[in-house]
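One structure below.
Each chain carries a letter (A, B, C and D) given by its place in the written order, and its residues are counted from 1.
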Amino acid sequence: MTHNDLLPGELFTRLRSACHEDWAAYTRHTFVRQIGTGELPQACFRHYLGQDYLFLIQFARAFALAAYKADTVPDMRHAMRGMTTVLDTETRVHISFCAGWGLSEPEMAALPEHPATMAYTRYVLERGMAGDLLDLHVALSPCILGYAEIGAWLAADPDTKRDGNPYLPWIEMYAGDEFREVAREEAAYIDDLMARRGGEGRFQDLVKTFRQATQLEIAFWDMGLHPPAG
Amino acid sequence: MTHNDLLPGELFTRLRSACHEDWAAYTRHTFVRQIGTGELPQACFRHYLGQDYLFLIQFARAFALAAYKADTVPDMRHAMRGMTTVLDTETRVHISFCAGWGLSEPEMAALPEHPATMAYTRYVLERGMAGDLLDLHVALSPCILGYAEIGAWLAADPDTKRDGNPYLPWIEMYAGDEFREVAREEAAYIDDLMARRGGEGRFQDLVKTFRQATQLEIAFWDMGLHPPAG
Amino acid sequence: MTHNDLLPGELFTRLRSACHEDWAAYTRHTFVRQIGTGELPQACFRHYLGQDYLFLIQFARAFALAAYKADTVPDMRHAMRGMTTVLDTETRVHISFCAGWGLSEPEMAALPEHPATMAYTRYVLERGMAGDLLDLHVALSPCILGYAEIGAWLAADPDTKRDGNPYLPWIEMYAGDEFREVAREEAAYIDDLMARRGGEGRFQDLVKTFRQATQLEIAFWDMGLHPPAG
Amino acid sequence: MTHNDLLPGELFTRLRSACHEDWAAYTRHTFVRQIGTGELPQACFRHYLGQDYLFLIQFARAFALAAYKADTVPDMRHAMRGMTTVLDTETRVHISFCAGWGLSEPEMAALPEHPATMAYTRYVLERGMAGDLLDLHVALSPCILGYAEIGAWLAADPDTKRDGNPYLPWIEMYAGDEFREVAREEAAYIDDLMARRGGEGRFQDLVKTFRQATQLEIAFWDMGLHPPAG
């Protein structure tokens, strides 16, 4: 079974191929590998978790933007479900997950946003505003589809340590059926948008968006490796 | 009991006073009066209902825009609730109400948007995009607060005919506690936004927005009085 | 020589065909015909001129939006030239033209925007914001390309009265080489955008945008026929 | 003579005080100090110059956004002048300046945008879109006003080396009358916007925007210190 089987979107497959070096640097990042081996310093993980909370809030805004940008009622409902999922389900899962790591919601809400968090989130929002719904979803896709791929890879990788790996619940969350289904839907949705709003003429610009978004995901992992002192 | 008691928002009260002629032309429009007396031709009401369905879809986009524009998580949740209310509750109420008037959802969804429908909805969306959350909500407010005032006025007006008035359910919907509560919250919300994002320097611009939005509501009633032939 | 020779844009030609009834209602509107015969009441023309001034200001914002939405430096320069043309050249031509009709700039700037003016301008801005640069230019195109077609048609029409027609300078302005060149460029530009950002899948949505924009142009002429009393 | 005399804007002075630590970290950054002493490695400066070219293109879009967001014709003209200045004058100055450093325009245009470049530029654009014209200009101001302060400080600082300092033309550009005048106007403009669209209730949010933008400027200098290998 290949990752393509997991996430068989046609546009996503083409975008990933076009940016395979950046994609590998993102999905096989040191931060990710050390989650797999359990070697990641816990201060790094905590730093990442706090910023990821702030990330989710901006991500919910991206789905609100998608609802605004929708041309059809089904697109609006799709975006509204996305927003509700992020703001309710995912944020709650995140908060309860973080509680296990000693991070409370008010603590996370009070954190200053790191430049790397601002960078990716504002990039997605701005690209989506300047472009259309397809540009927006292509900018979003490295996050959703990348995490699903990372989860699936780590779950299958023989180097992944299971016993005593404090990050196992994180791996299992992103390798789980539920998240894989979210990713599958996202891949299908960008194929649908490509059919409705795309055309081969757009492909190179979409590659650029996908690459830049992927590079900003790499910078987000880089940030995770450098927790603030103290 | 005055309308101010019903809707005691301070900013709303000031905006309405500043535009009292347009406000009266909107809330005491012939279309409204004929709803009260039951004299409105049913073709006019049906024409209005169909366009109001298309209006609601765009209105839901305005709440999506508010969620995008939110600076805080409570503002995001507020907007998300507004969007859900419009797209789920209100649209469903509208659809079942319209069914009683012989209008099915697919029929309404297939109607071309009338210029008057495009005018008000795009005005709100565009004003909200160019300005901030306060500009957006001031542009929205004549709709929510005006309908509550119209409902309350018709319900209390001695000229309103109750027996055999086919529009009585419409009056009761907008005069009801539930809708009044929606309006009360909206009035409180724009006061809150004025405190957080306003300043006396903005008042004249907000009056202009409120007046233009009110004029576009008047044009919407005018449209209602002119159903397409056939 | 046909209008297609004048404005040979491929996308424009297809859009116009797809909406030929609305397009005819716009370009052969009573307001237009009476400009040709000179029978249009001067109060109507003055009403139109004042609103057209307010229209131009919003139109300049549409080019600013195009500059914001640009993906490339040439697109940015193209939009910036459009904005400069509207805000400097066209507005100045308009002001000096209006002076001949007894309308001063401060007078026009103080006019309230008519609902029909708000409707078309906000529709263009909002469609352009929600969609992409192609959606924006398709929404703009009925104005630029329609006026060029109207000018060319009136200039060639045997019913057009030349002697003593107070509207002859208006006809000559829009039939002139300079404006035809603006229209030719716009037609070529939307073809270029269609190649870069389009795809057959978008065509029906673009038709919808073109039709709605054309209907709002019709409503603008309707407004012209109904000057305010006094 | 203090910097306040140079840039006497009231809002800017308050914002800078509220963020004085971040402001100092930005304006007295190692990159800046090494420009003053001439010790900055030339590879760092070249790296910065290339990214600054890409920065300017996005900055021009921010002025286009300001023109779109303008409520008045003078605000539109102000923004259009800003856009023209950035896209024509500043970009040309930058290109000819870079030519002296062996960087051609096509070379710079082909550079990938660094995450730090994307971060600040998209932050400004997105903050400006979500908020209003005041939010947009407060997000822009650390760039314009910071560079003027840096120029003035370096020009006056006894540690600044003049003989044989390859960066002296850069210092003189930002310390010069022309750029100081640009900064003075920007400071006056945000005061004007604060009077028209502000209110004390907005101050804390504006501080947040100013601080985040300043932090992204710090990250931009950090990037300058780390040129790509090779």
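Keep in mind that, in the parts below, a residue touches a chain if its C-beta (ideal position, glycine included) is under 8 Å from a C-beta of that chain, and two chains touch if they have at least 3 such contacts.
From a predicted model like this one, the values you see are computed outputs, not experimental measurements.
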| item | value |
| --- | --- |
| Contact distance in steps, from chain A to chain D | 1 |
| Type of chain A:chain C copy interface by residue overlap (half), same or different | same |
| Centroid spacing, where centroids are CA-atom means, of chain B and chain C in whole angstrom | 31 |
| Chain A-chain C separation of Cα centroids, rounded to whole Å | 44 |
| Distance from chain B to chain A - Cα centre to Cα centre, in angstrom | 38 |
| Interface hub residues of chain D, defined as touching at least two other chains | 61, 68, 125, 129-130 |
| Chain C-touching residues of chain B, taken from the complex the two chains share | 61, 112-113, 115-116, 118-119, 122-123, 125-127, 129-130, 212, 215-216, 219 |
| Partner chain B, residues of chain D touching it in the complex | 68-69, 71, 129-132, 135, 195-202, 205 |
| Touch list for chain B against partner chain A, complex | 57, 60-61, 64-65, 67-68, 70, 73, 76-77, 79-80, 83-84, 87, 109, 125 |
